[in-house]
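We just call them A, B, C, D, E, F and G in the order they show up, numbering each chain from 1.
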Amino acid sequence: MVTLGHFLLLSGLLMAIGLYGVLTRRNLIAVLMSVEILLNAAALAFVSVAAYRDPHLFAGQIFALFIIVVAAAELSIGFAILLNVYRSHGVVESDAISEMRG
Amino acid sequence: MSLIPIPEDRRFKIKLIGYDPGRSRPWLERFVYSLYVVAFWLFVIATYAGVPALFDWLGWDGGWGYVVMRALQVVMLFLLSAVIALMLILALRKYLGKVQERYGPMHYGPAGGIQTVFDALKLLGKEDFVPAAADWLTFRLAPAVTFVSSFAIFAVVPFASGWTLADSNVGLIYLIAVSTLSAYGVLLGGASSGNKWALIGALRAGAQMVSYEVPLALVFLSVAVWSGSMSLGKIVDAQLGVWNVIPLFIPFVLYVISSLAELKHIPFDFPEAESELIAGYNVEYSGMSFAFFFLAEFVELFLLPALIVVFFFGGWHGPLFGLEPGTLAAGALQSLYFSVKTAVWVWIFLWIRATLPRYRDDQLMEFAWKAMIPLALLGLVLAAYMRLIWR
Amino acid sequence: MSLTAFYALAAFILLFALLAVTTANMVRAALSLAVTFFLIAGLYVLLGSPALAAIQFMVNASAIPIMTLFIIMMTQSRNSPAPKSWQIALGALAAAAALVFFRVAVDHGDSSVASASPAVLGEGLLRAALLPFEVASVLLLLAMVGAIVLARRRAG
Amino acid sequence: MSLLNEVWQAVKAIGTGMATVHKRVYEEAPTEFYPYVELDLPPVSVQSLALVENEDGTERCIVCLQCERACPSQVISIERHRNPEGKGFLIDRFDIDLVNCMYCSACVEACPVSSIVTIQDFELSTYDLHTLKADIDFLHEQARRSKKWYSPKLGVEIRTEDGRIEKAPPEMQPGGLAELLKPAAEEEES
Amino acid sequence: MSSTIGLEPVLGRSDEMIVNMGPQHPATHGVLRVVIGLEGERITRAVPHIGYLHRNHEKIEESRTYFQVVPFTDRMDYVSGTQNELPVVLAVEDLAGIEVPERAKMIRTMFFELFRIASHLVWMGTAMLDLGAITPFLYTFWDREIILGIVERTAGARMLPNYYTFGGVRRDLHPHFFKDVAEFLDHLEKRMPDYEHLVLENPIVHARTVGVGVLSKERAVARGVSGPVLRASGVAYDVRKAFPYDAYPEVEFEIPTSDAGDTYARFWVRFQEIYQSVKILRQLLEKTPKTGPFKGRAPARLKISGERYRAVENSRGELGVYVVGDGGDKPYRIKHRGAAFSNLQVIPDLFIGAKFSDAIAILSSLDPVFGEIDR
Amino acid sequence: MDYATELQAGTTVIVFFLVGLAIVYMTIGIARLLVGVRPKPEGKLDAYESGEIPIGDTNVRFNVNYYIFALLFLLFDVEAALLFPWAVAYDKLGWLGFFEATIFIVILALGLVYAWRRGVLKWVY
Amino acid sequence: MGLLGSDERPRDIILGTLDDLINLARSRSMWPLTFGIACCAIEMMATWDPKVDADRFGMFFRNTPRQADVMIVSGTVNKKLAKRLRRLYDQMAEPKWVISMGACANQGGPFRHGYSVVEGVDKIVPVDVYIPGCPPRPEALLQALLLLRDKISDRELRYKRPQEIATDYDVFAEPGEDGRIPVL
């Protein structure tokens, strides 16, 4: 039987992968993508906890829903900023940009 | 020089093979054409009634049995979609022939009945290679994504009461997701080909997709509000009395327009715009990879009209003549009603294709954002309002 | 069955998530991300929330990758440069730390799972979370306005 | 309201267009079933060239080289020698390169005895270009197998069932209208 | 690379994509190559390259006798058949002082107008094909087939009949010619409303063409444009009226013009020209004697000296020829003035700034024919 | 509907995707087996560009307009995603649901109006 | 090489039969490349018009060489076009065939005396069927297409191409430094 532990462990692993991505990726788009993974890991944790512990079932799902909304909003703003960065620097790589600032 | 022997009178004669219209036998032609229809119907019955019955009889219905059964059904559906594509390509060519005062395919097989089979076989024997400029993985992935995401619409389409593979409570959302995905395939295919025409086609596919997907979602919302469910089966059930097309007229019109756009069908066939972009996103594809783009297009040409019928024209509803719903006979009859209604809509789509020129894609974009989306929002609020009043 | 499904899904989720954060080719990374999200939708089904699964499929697995793809092409960054070794080390360390932290919280408890139909979700959403619901719309509006303002600003 | 009117006009126009197209379904297609049904081309149609022999099998051509000179594409090449008995010339070689011929019928125009004629046989497609380098046998063969041919001097000629060569009736001739109108005119006079 | 003529400044700009449109492209009506710079879908550069059908017409013709020149001219504007032969024939007739019987002039004019209809029908079909509608193409080609059938019955070939000759035409009309043409005109008049429904009245065609590719009057004159393209920009210049030839002085017709200068106007003008051609043909069917001479006396060997420019208004505009004779039976110099060639000059003007789809519509409204452009 | 049905639906979808992909690649594989590797003369693998040698590659920058439309699309998609649960629960919610959703829609419509007024709904390339 | 033979005979009975079947299908579904060059192109289009209607035999145009089976060289090929034509031919996916339509494509026709015209497209690409005429009437093109059909489906004819491959590349300019033929 699948237990809550399974889900939480998976969520933790995903979170670790996302964190790894955030730290290692040098392309800012990839960083945002990794953030997406992080957010999804969190959503997964919410949903699984709710599914196992919440009698009404929907609370965790609503959280996940809002995570999706926030993720979308975050991504659109993030990409817009990124586009501006790209316009002014011509690249979207973090170290290249900081060097330019340099 | 030549290895081919030159005939005595120096003329090479063509062989008069093929089905001679002068010796045409109408009954044979009708027979060949009805074979397609019968094959279609038999496949539907076998998929939705036959396979489950078989597994019932085998007693293999839990866990893995279920998966195997579904897999078998999916394979059947693939064959069904092959039949549909063969039938529709033929129908398109014959209908275009008719309206253009010519005949279309008519010599290979009675009245051209097996022309498309030859086409398919030919494509099987055609070289299929990846150009040097293309990104190998995405290039190979694109036809599969396009085809599978079109094909996956089958999962939720109810052919008769209870004849669905996944009568999910969230069918509508699934449909939106899948239709986005099919644009995804086109986008990938075009952008990964390393070809400029394909790239423009891909750009257009992307632009087009973002513009019709939103009205599509809003129309689905109207339907969901009106029917109180997102399950396609329930939506059809709810139309027992009156078809949705009457209360949901605005969403209906918008849906027809959006599905034309989703189909990449004239007047919205920008991504492949034959006369502008050579062949658009599939410029670099040949052989079977191209065939799957083609197949996807024609499977969608069946499925999107089918969805129009499901949402607005009462799905499989029709007089049952006292048959008990849920039985095999009733299911067969209902699927017949469903198919006939769908065929009417397919015909309308073909008719549009035969008549209209192509819009310009920025015109579609503006049309979508400035007319269709406000209208769809209005339609949604209206549907919600009417639902409250008439409940 | 359920366990097999979970393990299969989990394995592929981890695989594709790893690909998503390590592949140099950005288009492929975005694709892997889409697959990851699609498979997470599968997990949501296992967890009895089909509506969330479908929404995940619709938004995270289709719409967001499309946008990512657009951005990748818009910024001409088909490839992400390979991470430097200190970055890898840091990333691995952080990931390990996160895991350890998470491991503490893991609980082996077990209880049955039931399905929440979309209707239940909707009712819950509008009765219990009315304010967040409306706030979400305001958030979306703000995101829209903000992004438009940002994107329209001409450089230089 | 004007917007609605515009929409209505557009819908009406599209509807008319669709009706226009669909109406053709009920009309019969003008398709000729080419390989199954033989084409009946007008007798003056220039599809190929032929060298007509007289009914008795003698050569019509007097080897005057007019056609060779007239040909804009320069594809006719003739070699001749003086007739040892009698006057005139005899043909050594009479080749027409049907590959490069532009089917302008200038040669036919130039021929004083209507020996070189245009025929309606267009089925000369080949796997091998050499079949199209027409020598005199081939040109004769072309004439023998055709039922009717045209040359400006003699008009359309037809080969009857029993192998005789006759002038075709006026309704097949270019300018045949004059002859067709003549009896009527005479009747009016009388 | 030499192929980037005119594009050097933009190479290396990352938001511009250089695309070769043609020589093999369904919308270039032959073998035009336009090197296009695309920014998104807006065209920033358009450099037409021609010469993919250069067949050395003029020099080959200079090595042929005057009689032999005529069939070569056929191959220039191959869509409008006999129309190409007329300038040469007129010029040589002028120089050699050959008399042309009235009936021959009328026959020539009838063929001229028949081919104008045929050419405009081909244009209509292909233009609609470029806009994405398949069906009108088939309809117009069938109507054109009827014209070609009529032509073939008299002239012996469908497309390139080599029919006009010095002093008249090569052979007399087929007995059914008048009946055929009258029937065809009736048929066409029945068909024209259909075409209007499918082309001119279609709201999508409106959306695609109105206000697209506007060619101003001044620009049109400056670029030496002629024919329907010029008249759609509001200049009522037509060789048939300005320098009448053959039987045109004897028939009544109007010159349709439009002030809009956009793609739609060019479509519209061509439609009106079909109507005018029908009108001319109807008058000529009445006027032409049923029988009589079809050819004046012309010497078997033409020896000409002097020079002459003659032009006619063919389906695409002013088609002219400049013939110089040195007293021999071959022209010393022949220079063709192609209408489509001049019309092509406006491509950069109209393309730049337009959307890619518009470019297709604009190109089809210019109706180029490459036999005549590249010669 | 109960858990089992939804689980089955989910399984079906996954089976659909997997079997579909398998069929596609199997067919392509068979074709490949039949046709084999054919000679690739020079120029065959080049990108097709109307018979010319391509100038430059396809790695061009998209216009920012694509981003704005993709953004609008994404946000409206999310909006629809939020509204779907509402639509299904609508019968239970009554007038409350109607007004809530109307406010929600109006707020988003404001965004559309804003975009319209800013002129970003004009598709310029 | 795949299981099917391409230029040599298939190896055994089963594969031979399969080969025949696929070739039958190929011969029944020949999609020409949309490549109109000159006057003959108009007649080529007319072959698909209601009167002749080559679509009866399952042929319709594909715009891209990757999806086309037959290249109909419909008109004069001059030296500038020759490279492009060869390139298009190269870019077609196998199996592929060429029909040379009209005098110009066959051997330069009336223009063969000019300096610019390639005397016969078979100097550039291997041609399977030649059509005489200037222009050949649409039925002649249909006849040629059907001759090609017979050639593809007939085992005796199939494995004998009239000319194996073009040998005479004189019409091309010298290749540039990168081994490619320069564009202009």
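In this text, contacts are C-beta pairs under 8 Å (C-beta built on N, C-alpha and C of every residue); 3 or more make two chains touch, one makes a residue touch a chain.
Predicted model only: the values in this text are computed from it and were never measured.
> Touching chain D and chain G alike: which chains?
B, E
> What chains touch chain D and also chain F?
Of all the chains present, those in contact with both chain D and chain F are B, E, G.
> Looking at chain pairs C-F and B-F, which one is connected by more C-beta pairs in contact?
B-F
> Between chain B and chain C, what's the gap in Å when you average each chain's C-alpha atoms?
Roughly 31 Å, centre to centre.
> Please work out the Cα centroid separation of chain E and chain G, and write it as a whole number of Å.
29
> What is the distance in Å between the mean C-alpha positions of chain A and chain F?
Going by mean C-alpha positions, chain A sits 20 Å from chain F.
> Any chance you could list the residues of chain D touching two or more other chains?
Residues 14, 17, 20-21, 24, 29-31, 33, 35, 72, 102-104, 123-128.
> Among the residues of chain A, pick out those that touch two or more other chains and give their numbers.
Only 65, 68-69, 72-73, 75-76, 79-80, 83 qualify.
> Return the residues of chain F touching two or more other chains; collapse runs of consecutive numbers into ranges.
1, 5-6, 9-11, 32, 34-35, 38, 44, 46, 48-54, 58-64, 66-67, 70-75, 77-78, 80-82, 84-85, 87-88, 90, 97, 115, 124-125
> Kindly provide every pair of chains that touch.
Pairwise, the chains that meet the contact rule are A-C, A-F, B-C, B-D, B-E, B-F, B-G, C-F, D-E, D-G, E-F, E-G, F-G.
> Along chain B, where are the residues that touch chain C in the complex?
63-64, 135, 137-138, 141, 168-170, 173-174, 176-177, 180-181, 183-184, 187-188, 191-192, 206, 209-210, 230
> State the interface residues of chain G toward chain B in the complex, per the touch definition above.
4, 21-26, 28-29, 49-50, 53, 55-58, 60, 62-64, 66-67, 69, 93-95, 143, 146-147, 149-150, 157, 160-163
> State the interface residues of chain E toward chain B in the complex, per the touch definition above.
Listed in rising order, the residues are 17, 19, 25-27, 38, 40-41, 128-135, 138-139, 142, 198, 202, 204-205, 207-208, 355-358, 360.
> In the complex formed with chain E, which residues of chain B make contact?
Within the complex, chain B contacts chain E at residues 96, 99-102, 196-197, 199-200, 203-204, 266-267, 269-270, 273-276, 278, 353-363.
> In their shared complex, at which residues does chain F touch chain C?
Residues of chain F touching chain C: 1-3, 5-7, 9-11, 14, 59-64, 66-68, 70-75, 77-82, 84-90, 92-93, 96-97, 100, 103-104, 107-108, 110-111, 114-115, 118, 120.
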